[in-house]
Structure formats: C-alpha cells, structure tokens
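Once you scroll down, you'll see the structures, which are given as structure tokens.
Paired with chain B in one complex and with chain C in the other, chain A is shared by the two complexes that follow.
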Partner chain A sequence: MIPAIALRGVRKHYDDFALHDIGLALPVGQVMGLVGVNGAGKSTLLRVLMGLVRADGGTVEVLGLRLPQEQVAVKRDIGYASDDMRLYRAQPLRWHMDFIRSIYPGWDEAYAQVLLKRFDLRPQQVLGGFSHGQRVKALLLLIFARHPRLLLLDEPTTGLDPVARGEVLDALADVLRDEERSILFSSHNTADIEQVADSVTFLHDGRLLASRDKESFLDGWRRILCRGERTEAVRRLPGLVSVRGSAPLVELKTGAFDASTVPALQALGLCVESVEPMSLEDIFVTTVRGEGNA
Partner chain B sequence: MNWLASDITMVRRLIVKDWQVYQKQLAGYVAGLLLALGLVGMGTPLLSAAGALILLVLLIVVGSYAIQSSVMAERKLQTQPFVMSLPVTPMDVFWAKLLANLVIYLVPFLLVVGGLLALILTTPRPDGAVPWVVLVAMFLLANFCVSLCVAIAVDSEGWNVFAMLALMTLVGPFIWWVSRLDAIARHLRTDQIVWSTPVLGVLAGELAVIVTAILAAGWVHARKPSFL
Partner chain C sequence: MGTDLLLSPHSITPMYVQIVEQVVAKVMSGTWKPGTPLPSIRELAAGSRVSVITVKRAYLELERAGVIVTRQGKGSFVADALDATQALAEGEFQTQMQGLLDAARKLGLGRRQVVERVGQAFDRLTDASPTHTNPERRKP
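Up next, the complex of A and B:
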C-alpha cells in the first residue's frame, strides 16, 4: 500500500538551522506524533510536506504524489493547521466556511454544524473577536468538515486550556474512526501524543533521532533502580542511555529492555530493586540528552 | 518554470476573496474620490486645484493601502500560510494577488481618469489636456504596479515601504517634467488632442515598465524557497 507520507533524504538548510537527511514513512490510517523541543525542525518538516517550504534535496511524496510538482492535487486531500496560521480577522467564521466550501467539493455542511456546536463557535462572529482556543477550533473546523485524507497538524493543542484541548483531541479521535485517514501531528505535549498516536518520531536539532510505533517505544524503555557499583561494564550494556546516581543506588535508563536485561545486570553484580515503565516525555528527554549520560 | 496559473478557477476565487475582504475600505476611498471629482467639476480655479490635489493624493493612498493590506499584511498577520495551504501553486497565488490588487486599484483609478476625461471633453476646458491626463494617469498606474510587484516579490517589509516611498517621490517631478515637455506644453491650452511621437514614446515607456515589473516579480516569485 502507498504510504500517506514518504520522505527520503530530505534536506533543508537555513543560516542558523538545517534539516538533515530526513527519512520517514507514515502508513495510511496511522497517527504519527512528532516530538521535539523548540527549534528541532518539526514545523519546517510539516511545511516541507505542505509545500510551504521547498526542500533543498531529497524526495517528498504525499499520498503517492511528488511534491512540489503535484502540490495542487496533494493539497486537495490535506488538511493543514499550524500554530502560526491565522484566518482573516475582519471576516466572520461563516465567510471562511463559505470560502472553503466553494473550493472543496467534499465539504460536509452537516458535520460543520455538528462541529460548530461541539466547539461552541458562533458562525457570525468575526475572527478578530475569537480567543486563541476559538481560533484553533475554527481552523480545525474548516479542515475537518472537508474530510481530508491526511491531516498535518503543527502544535494543534499548544496554548489551549484543558477543556478546549479535550474537545480538540475528541474531534481528532472522531476523525480517526475512518481507517483511511492519516495524521501527522507535532506537539510539545507528549501526553497528547501518548493518547492519540500510533507511532512516535523524535526530532532534535534537525535530525531524526528515532521513529517507531508507540507500543514498542514504551515497551522497550525502562527505568531500572539497582544497588551496586556503576562500573565500566555496566555503562557498556547495549541500549543503555543513561546511568545516574552514586553507590549504592544506581538509576539506569535503557531503550532496549527485554527479558535478558535484568539477568545481564545481575551478572554484573547489580541487585535490581525495581523496573518501571517510562512516560513518553521521560523517554524523549532521555533520548535528547543522549549517550552523554551513559 | 511554469509562468502560468495552474487553475484559473482558483485564481478567480482568490481574487473574489481579496475583493470581499477589502471592499468596505475601498467604498470609503471611492466616496472620497467622487467628492474630489465633484470639486474639480465646480469650475473655479481654487476648487479645481484642491480637487485635483485630493484626487492625486487619494489615488496614491488607495494604491498603498491595497498593497499594504492585501500583500504585506497577509505576511505580517500570517494569513499567507492559510492561502498557501489551499490547492494552489505559488504562481496561482502570484497571479491572484497581482490581478486582485489591479482590480481593487483600477476601480478608483478608472473612475478618476474617466471622470477627468469626461470633464475635459464635455466642458469648455481645453481638450489638449487629454494626453497630459493620460500620461500622468499611466505614470500613477506604473508606479502602483512597480510597488505591487516589489511587495509580492520581496518579503522584507522595510524594503517594501522604502520602494513605495521612493516611487511616490517620483510623482511630483514626473508631473513637472511632463507638463514642460514640448509635445505636451504646446497643446495644453488648445482644443487639439495631439498624440505626438514623444507622447506615445512616454506612454510606451510606462507600459514597458509595467510589463517588466510583472515579469520580474513573477520570475522572483517562482524561485522563492518559502511561502510563509
């Protein structure tokens, strides 16, 4: 099956930042969460996928079509929303809805009305009077009501209060009931990604650090508390990313946990006190800090 | 590189969108221009001079306003990513912006120029002023087109404002120069409308500037690495 997104060796260079050799695939029907600190390259990557920024090299295929050559056909099936995208302040939401409806034949007015109610938006109100949360919801309404096959969402929940965030995530969950729809979304909030995503991609300093399905990510990472010495042999254990603490307590974080991990530690003279799963946020922070801690 | 728009229907929709966004403000300018035209038509030298000055100023202001609000503000207020996320190519957006602004500007422009020509031709005023009006009007149109093309091609707000102000300062010297051009001055107070070679030459030069500005802006726009 043709993936929703296929990037190969994508590069983009700016004076103070660069995306390096990004290779990524998002299967149809999947939700991928893009995690990274500010300036990691998440927005640039999404802009490349949307044709807003031209890559310096590599190939970009979206829904089986090459960008930027076939961007018109691709954009018909993409819904893109970003934190720095604004609608026309002096125009009411209804005007925006009519404008989008005139462009996309798949506009679903009944669903738009459902979203208006769910998001508690007034169609006759001008966008200039909307709060940040209302603006985000208005933008998502304009996207969701035309049923795009691929959603590219750049920080869709940033700056939203918990209620608005819940509404947006619920609406996303609705979108996901259609198995043909795919979503790539970036967020600082790893809890959102943990809640919605099927797979997770870590981006840092313009480089792709890791990209795996969420379950194997979470299954592979463990925080292990041990008693014993922090020897060189311990540090060389495969998959070990962080070793902290001082004797007699040692905290290890590994991204390659399996049935052999605990026996291997015991064989090195460590007494394993506890093995705990890690949150996505902890995994991300540990990955970014990298092997320097090991 | 493809210079043409990929989808004429989308270009038309974007033009209508810009027209709808700016039509209220435009109506205000048109009302002001009609008032100034009325002053010119009063016939007394003082009111005519005041009306002509207001017409000139309003035509320059309406052009600057259109460029600032539909091109520069779209970048500053971040509505450009919204437009670029629609099923369009960069050249679709280029042609739509160019044509939308031309339409927005041509409404008051044609009203003023048509009104002035009608005043000259239907009243005892000397008809020989027609080439002068046409040359000055075309200069203002060329001035607007160059400002617009710079605004579309160059993302820097500073350079856009500089270009606009620099071009505005040329209006006065151009009117002074063209009023003293022998081919114009000789017939300015007569009833003869003379399209002499120098007059047609200046007109051709103005048209060439407009075409060159559009081609240069299109060339730059098509090569832009980013549309944010």
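Up next, the complex of A and C:
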C-alpha cells in the first residue's frame, strides 16, 4: 500500500537552521507523533509536507503524490493546522464553516454539529471574542469536518486546558476509527503522543534521531537501578545514555535494552535492584541531554 | 457490551499490559463468555483513547496466552472455556514462579537451594495431608 507520507533524503537549508537528510514513512491508517525541543525542525518538516516550504533536496511524497509538483491535488486531502493560522476576528464561527463548506465538497455538516457540541463552541459568536483554546478548537473543527485523509497538526494541544485537550484527543481518536486516514502531529506534551501515537519520530537539531513504532521504541528504553561500582566498563556498555551514581546505588538509562542487558550488568559485578520502563518524556529529556554531552 | 476499558496513561504499568489485565479480568469473571467477539482493534483504540499499535500488541499477547483466538477477517473472540481457564491458570503459575525466583534472588539463593526448598515444601504438603490423599496406607 502507498504510505500516507514518504520522505527520502530531504534537506532544507536556512542561514541559521537546516534539516538534514530526513527519511521517514507513515503508513496509511496510523498516527505519528513528532517530538523535539523548540527549534528542532518540527514545524519546518510539517511545512515541507504541506507544500509551504520547498525542500532543497530529496523526495517528498504525500498520499502518493510528489511535492511540490502536485501540491494542488494533495492539499484537497490534507488538513493542516498550526499556530500562525488566522481566522477572521470580525466573523462568527458559522460564517467560517459556510466558507470552508463552499470550497470543500467533502464537508460533513452532521459531524461539524457533533464537534460544535463536543468542543462546546457557539457558532454565532464572532472569533474575536473567542479565547485561545476556543480558537484552536474552532480551527480544528473547520479541518476535521472536511474528513481530510491526512492531518498535519503542529502542536494541536499546546495552550489548551486539560479539559479541552481531552476533547481534542477524543476527536483524534474518532479519526482513528477510519483506517484510511492518517495523522502526523507534533507536541511538546509527550504524554499526548505516548497515548495516541502508533509511531514516534524524534527530531533534534534538524536531524532525525529515531523514527519507529512506539511500542518497540518504548521497549528499548529502561531505567535500571543497581548496587555496585560505577566502573569504566559499566560506562562503556552499548546503548547507555545516562549513568548517575549515589553510592551504593547506580542509576543507568539505556536506549538499547534487551534480554542480554541484565546478565551483562551482573557479569560486571552489579546487583540489579529494579528495571523500570521510561516515559516518553523521560526518554526525550535523557536523549537531548545525552546529545549535549557527546 | 462495554468496549471501553479503564486505562490510565499515568500508571507505571504499560498501556498494553493494562489492556491485557482488564480483558483477562473480564474473561475470568465471566463478563465476557467463551465465543464473545472482542471489540475491533480500531474500535477499542478509539473508545479507550489509546493507539492502534498498543491494542494490537495487547491482542497478540492475549492470543499467545490462549485467552483469545483471532480468525482471519472475522476478528478476535474469547477462547473456549477450557482453553481460556487452562491458559489463565498457566499464566498465574508463570507469574507466581517469577515472583518466587525474584524473591530467591534477593535472598541470594542459588538454583540448588531453590529446588531443594521447593522439594521440602512439597514434602511438607504431602506429610500434612496424607489422610485426604490416601487414608488406607497409613493404617497399621
């Protein structure tokens, strides 16, 4: 099957920032979470996929079509949301809905009504009177009710209160029921990604650190507490990203955990006290700090 | 049938394990009887707000444990009563044994000592209840 997104060797150079050799694939029907610190290149990557930015090199295919050549056709089936999109402050939400409806034949008015209710929005209110959270929800409503085959969402839950975040995640879950539709979203809230994403893509400093399915990604990371010496041999273990000591305890964080990890530690004379899974947030922070040390 | 499970993203227990545990609980309590169709992977993912891949993994584990069976193109079902009970008992045994091994490791007991003590426990068990198992043999 043709993937929803296929990037190969994508490069984009700016004076103060560059995307380097980005290659990733998002199969149809999946949700991919994009993780990275501010300035890692998440927004630039999304803009390349939307055809708003032209890559300097490499190939970009979205829904089986090459960008930028076929961007007009692609955009019909993409729903893109980002912070810098503006709605008309003087017009009510209903006016915006009718406007989108007149452009996109796929507009689903019944679903729009469901979303109005779920997002607790009043269609007759002008956008100027909306709070930040309401504006974000209004924008997502205008996109979701078109049933685009690919959603590109740049920080869709940032700045939302916990209740609104839950509403947005519910709407994302709705999209999942249809196996023809795919989502790529970036978020600072790693918990959102950990919860709903099928795969995780990790950007740092314009480079791809990892892009793989979430379950095996999380499985590869463990925080291990041991009793023993923090020797040089321990530090040199493959995959080890962080080693901290507070005698007699040693805390190890590894991104290459498997069945051989614990026996290897025991062979080095460490007594393993506990092996815990790590949250995406912990992995994220550990990785970025580890990069800094290297 | 309620398809939504009660999952917590903040639990130390991984999401897929939570799904496995809750499906097992439903089967053990008889809420989901043998032959009951499970919710489709996408349905459960959307209803419980977890990712599709997480539910897929949970279903694979449940299948491997013999709690559910998956028929191509038809979906997953709770396995037949015997198979499911057997599988669950087997799973329980595995968990307990792992617990035993973990506890032994903390005490620094080696393989021989563990086997020895399990043997002794067996002996005590048969010493304590001979009248139930074989009342005739003890008679003088």
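Keep in mind that, in the parts below, the second predicted complex is superposed on the first by the 288 of 294 C-alpha atoms of A that agree within 3 Å, B and C clash if a C-alpha of one lies under 4 Å from a C-alpha of the other, contacts with A are read in each partner's own complex, and residues count from 1 in each chain.
FYI, contacts are C-beta pairs under 8 Å (C-beta built on N, C-alpha and C of every residue); 3 or more make two chains touch, one makes a residue touch a chain.
Bear in mind the structure is a predicted one, so any value in this text is a computation, not a measurement.
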Does chain B (first) or chain C (second) touch A:Arg101, or do both, or does neither?
neither
What is the contact status of A:Ala191 with respect to chain B (first) and chain C (second): first, second, both, or neither?
second
Just checking: does A:Gln91 make contact with chain B only, chain C only, both, or neither of them? Give me first, second, both or neither.
first
Considering only the touch criterion stated at the top, classify A:Gln71 as touching first (chain B), second (chain C), both, or neither.
first
State whether A:Asp213 touches chain B only (first), chain C only (second), both chains, or neither.
second
Could you tell me if A:Leu176 is touching chain B, chain C, both of them or neither one (first, second, both, neither)?
second
Please work out whether A:Ser199 is in contact with chain B alone, chain C alone, both, or neither, and reply first, second, both or neither.
second
According to the stated criteria, A:Arg118 is in contact with first (chain B), second (chain C), both, or neither; which is it?
neither
On chain A, the footprints of chain B and chain C overlap at residues none
Could you pull out which chain C residues touch chain A in their complex?
9, 12, 14-16, 42-43, 45-47, 49-54, 57
Along chain A, where are the residues that touch chain C in the complex?
29-31, 169-170, 173-174, 176-177, 179, 191, 194-199, 213-215, 218, 276-277
Can you check the complex and tell me which residues of chain A touch chain B?
47, 50-54, 56, 68, 71-73, 75-76, 78, 80, 82, 84-91, 95, 99, 102-103
Touching residues on chain B, where the partner in the complex is chain A:
6-7, 10, 13, 17, 20-21, 77-79, 81-82, 84-89, 92, 225-228
